[in-house]
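As written, the chain order gives the labels A, B, C and D, with residue 1 at the start of each chain.
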């Protein structure tokens, strides 16, 4: 009985609890759906770190604008190619880190090196510079030459993802107090609970409106969305599609991800092109839009999204044609292809929202078309074994659920790893494809664009290497106080300087 | 008493060592931590360099030797994922779990003892039946269901409490309430059963013959005798909470050890896993010791 | 009052039928009927409704319950792939019951046996077993699951294995505690004097006394296992879509809690009802199995309880 | 109403047991005045305790409820009183002590606290109550009461615990003290002391004492008046002497006739043949306690040796040693020319067929979850060569018949039998292996007197018919007088005296034997007085 009294008392006093006061301040609260484990800028290619640090605390030399597919100056004001392997960058003068040290070529050299430190395993370095060696040469205080081996025609683009850290940062361990040049200073990190950024009044560029940003972590996306609804947070940059119920606050954005099923084209029966085509034809993509996939997703035609150079816009999404799929299968069978072989669908739990249901749906469709498809959903560790070479032995024909992110505008980040015989995630072996990739990687300008287009036409229409599903969208819930539209970049960064307050 | 504590400590150390060795070796069977830490696009050369730099290529027995050697210096190694000392990571998380468990279990015991005793005094009557059914239903309901419903109802719709987070005492209400339900249902049943036995025992009759009030009989005479099995079960439940209330932690954004443990297992962050197991086992051991001492305190017949 | 109620030989009665004993406890009767229904579902559900339950229909996604125009199978609504929840619940009963039953059974048998041994053997053996229980108790079940997944093929049996191992200590500790008490009882001494082997004493004299307690734990464990199983499904162990269990349905409904409560509510309700039924039935069984309590159900006009 | 302190008129109490209504007490009336002792005599199930419980409002309802009658205390109707008023009388005006003081004292509170509580609940300030508790403990004969008040019930001996119960009842000098079998679990010498204490206290305070007992000796010792109850009804009432001297009701006559120690002493016709069992120099320590010291005796075929001693005398330890349940530190038990203490497991297994045991409490010694048939036939599934399975049923029925039970009893469970019947089942179980020796460990002390007599008669007839030899362990001498051939008296692990029954009873040599005999309560008031007078000169101190 004591309990009841206590509960009543508690409720009574709770109703007097004031809701958070937002009145006049220029502070925002961001609720992220991952718990920030590290804050080192060299991990900024991870979306959780990137949304906090990238371009807010730490900046890059160049900045890719996905809207225009143009490369904009940031810490570098201009750049030019010196020779096949070397580029020269002009640093923005007078830029200071938050600890008041000045940005100089040594910081560029340091940042490149640090990203390649083996023991750190920096995300940026491991993801984009793994096979590249860099040497730098300071020409003067604001000019630096970067030489890469192998040479890269798109080095300035590559450097749009490298946050510049001061050479005073520790070399062999992660910093917990990132020090950058950006419009916000990293003020506090309460591990597991929150991180706080405050405006940098000495910022070299335009002074942003938001004065202070608090990041909270809620791994349950429904709770994150509820927090914006309850007024406890202003932005939840990444909520689940099923929670995006209010068109006023819940905004979708293309998130530069492409969802696919990777076909293992090296093993029967899927080493037969007709079988691969039948797989594509058996899937009713339109039925999945707005149901298991978010409304707004676009049927994909190739691995890279439309914002990439060399995206082949002539490719058409596969239609849903069950009859033809069955016919193709029958033909293949007649030619002795073992089409009854079990095809294992390898899914990864939560690779994107509703990942399991998507696989269940596709499995049902494949079964209907006459494939012997089984489904296995794995956690990331187990899934990885199927996704990355070397594949587990004995190999069996499988379809692996994948999602690939290329927000960087050039297919080089995609083509080799996905389609080249030697690619780490590739399950195909096609000499023509390998040749095209090698040529395109070395080319530049319009030739590069044309070669990439040719590659995707070959891979997706002639060879049929995979089952492209959709160009994906993400959802942000933005509180009524803010004037902010998420873009394709919201997937990897959240620039506080782009946030405005609505006039009230 | 002293020798009892000593013996128990020795046993626990044996168990703990066995546990750590077991976890150390078995966990290495679960795949390559580097593969999970590095981005999937990372080339093989980067992976190899990372493994080499992190000592993951050393023979298992060498790794184990390092682990033991470091452990002797009270060093659990570094969290692969966070690149900070694993012990620090665990120590940041553990107080949250400890507080959550302590508050929840105190309330559970209070509630279960009061309601369980009332049920025992009214065996077979509607109060007893209803409390049994409700507590049983509550105990078998999925906890995330309860958690999310509570958030939608009390935080979003009614606005009585914050949805989640840790800032003020108000933030603790929902998580504690959700955690409360399962052990409450179970312990209520145990209290009820144990109190029925106690209330029918001979000394209760003596107390009635002395003219003691029913309430004093129930809560002074019978309760203390009925507490032994209750404490045993409560200890098991508390151990469960100390191992982490994963759902509550992730739903309410409590940076506790349960979620840390799960994440670390899924990420193969072995140093953190081992440190977390060490801390929680130690806490559970201390709790069990306290429970044994509580036995002796409650029942003078028990001597160690 | 000890001398008031010795129910001396009253009228002779043949052992009454189980049904009559069941009928005497109305709560248990309802529970038994419900469980019978669940078992029938488990046996016949898949063969009757397997096709209906896996028919993906994106247009019927998250269809709300209690809409009669879509046929009776849709009465509880549809899930996120538009499959009828009622049909899925009926089909899922088989996997759910199989897993929960075997996991609980295995844990009960292994834990119970170890507990009997620990309780009835020399100090050293007993200590070793108890330390083992400590280790299992502190071993994170998730880690165990991941290890099993890596070392063995994902299969139903392994799921049962993981669930069973994690539940062993509960049975072990309870059994041991009871055995320590029961082994001192006079009738155990009497059996010893008769020359009964340790085996006989353990299994024919002590076990029947411990069994009711184990039964009660087992029924509560049923719910635990049903829910735990769903979290392991998320690791890729055991039950995989399109196979389905109640636990998996509950977990899959989780993201839709705010929009479509029925996705996880109905299977959750089934878990709760099954657990409660098992508990009521086990309370009844306790009474029946205890010759000294059975009278409560015999020839009584009132429901028996206590 | 009358001016009796306590008046019970036409009391009827019913119990609900699973839909059946059992009339536990029917139309019972009695009264009690200050300064007098009324005994309610009856066996298990007679309703005597229920009557007392009704006075104290201790009947659990449900299942029990008073259906008619009245209970008045000094003219106030106890049955139509508020709970609060009733509580004021309980413990203050009417107090009660119980049979098993260990169970009736709360194990987790210090005894001083519990005694003081009886006063605190009636409004006495705590410090005053505590002082009074210490005084009372001193009064009932607890040494060093100041210190012992902080001790817990399990730290006292059985007799001391009953003294504590008495102290607890005395807080407010009650008008009435109800004593429900206050001495039946105690050793005889302790029983005598407690009864004496109660008498003294009654005389000091002038309270009325209501003794509830099954023991005629206690009645003779204590009561001014006695009522005899059977099956919930009063069958006889009167002064103690009248009831004994001229019992009118057949039941009373049967009770008096069943008192042990009245028959003729067995005159040993046991020859000079070699003993079948020789116990030689058994020694055993429990920690620092030397529980057996050089215990030696022997047993001849068809003979009964009684081992008599109070709790802690080592009699049960001796039995356990013979049965190989606990091994002594040293010594020998020669059976069939072999030391059975040196036998291996296989030989012990064979030995079980020859030496069996009957335990004190048949409720405890029969597995509650087995029907009688299984309990008895288990012997044959253990010793497979005794009997083929198809003959089991037949033999079980034979054995049941032998111990005086009916064939239909085979399928019932132990709880469905009365105490005496259960002990018969235990005997049948022991006989199933056709043993040569049966050790009876207090086999009749938990039974009602009339049942005691029947069971002893059964054992006696089995001795004659089957030639079984008994080692009969008892804490009480009269029981063995009619039954044993020889008696071994034990105290503190030592055999203080042994000899023929006649010798022990007629010419006890050791003071302890004499004390035991002296403490035995003689039901016949005349015989008691005579015996007292004779012994007064001989009796040395017991302590």
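Following the convention adopted for this analysis, contacts are C-beta pairs under 8 Å (C-beta built on N, C-alpha and C of every residue); 3 or more make two chains touch, one makes a residue touch a chain.
Everything numeric here is computed off the predicted structure, so don't read it as measured data.
Undergrad: More contacting C-beta pairs: C-D or A-C?
TA: Between the two chain pairs, C-D has more contacting C-beta pairs.
Undergrad: Roughly how many whole angstrom separate the Cα centroids of subunit C and subunit D?
TA: So the centroids are 46 Å from each other.
Undergrad: In angstrom, rounded to a whole number, how far apart do the mean CA points of subunit A and subunit B lie?
TA: 37
Undergrad: Any idea how many Å lie between the Cα centroids of subunit B and subunit D?
TA: 50
Undergrad: Could you say which residues in subunit D touch two or more other chains, in rising order?
TA: 58, 60
Undergrad: If you look at subunit A, which of its residues touch at least two other chains?
TA: Within subunit A, the residues that touch at least two other chains are 222, 226, 379, 381-382.
Undergrad: For subunit C, write out the residues touching at least two other chains, lowest number first.
TA: Those would be 146, 149-150, 257-258.
Undergrad: Kindly provide every pair of chains that touch.
TA: By the stated definition, chains touch in these pairs: A-B, A-C, B-C, B-D, C-D.
Undergrad: Quick check on the complex: what are the subunit D residues that touch subunit C?
TA: Residues of subunit D touching subunit C: 15, 17-20, 22, 24, 43-50, 53, 58-60, 64, 99, 323, 325, 348-349, 352-353, 356-357, 359, 361, 364-369, 371, 378-379, 382-383, 408-409, 411-419, 421, 426, 429, 433.
Undergrad: Under the stated contact criterion, what part of subunit A meets subunit B in this complex?
TA: Residue list for subunit A touching subunit B: 1-3, 10-11, 14-15, 17, 19, 35, 37-38, 40, 45, 118-121, 123, 125-128, 130-131, 173-174, 176, 191-193, 216-220, 222-223, 226-227, 229-230, 232, 379-382, 384-385, 387-389, 413, 417, 424-425.
Undergrad: List the residues on subunit B that touch subunit C in their complex, please.
TA: Within the complex, subunit B contacts subunit C at residues 11-12, 14-16, 18-19, 22-23, 26-27, 29-31, 123-124, 128-129, 133, 136-137, 139-145, 148-149, 152, 186, 196, 232, 236, 239, 243, 261-262, 265-266, 273, 277, 280-281, 284.
Undergrad: Quick check on the complex: what are the subunit C residues that touch subunit D?
TA: 1-10, 12, 15, 185-187, 189-197, 200, 204-205, 208-209, 289-292, 295-302, 304
Undergrad: What part of subunit B is in contact with subunit A in the complex they form?
TA: Residue list for subunit B touching subunit A: 30-31, 34-46, 49-50, 52-54, 81-84, 89, 92-93, 96, 107, 110-111, 114-115, 148, 151-152, 155-156, 159-166, 170, 173, 250-253, 255, 259, 263, 266-268.
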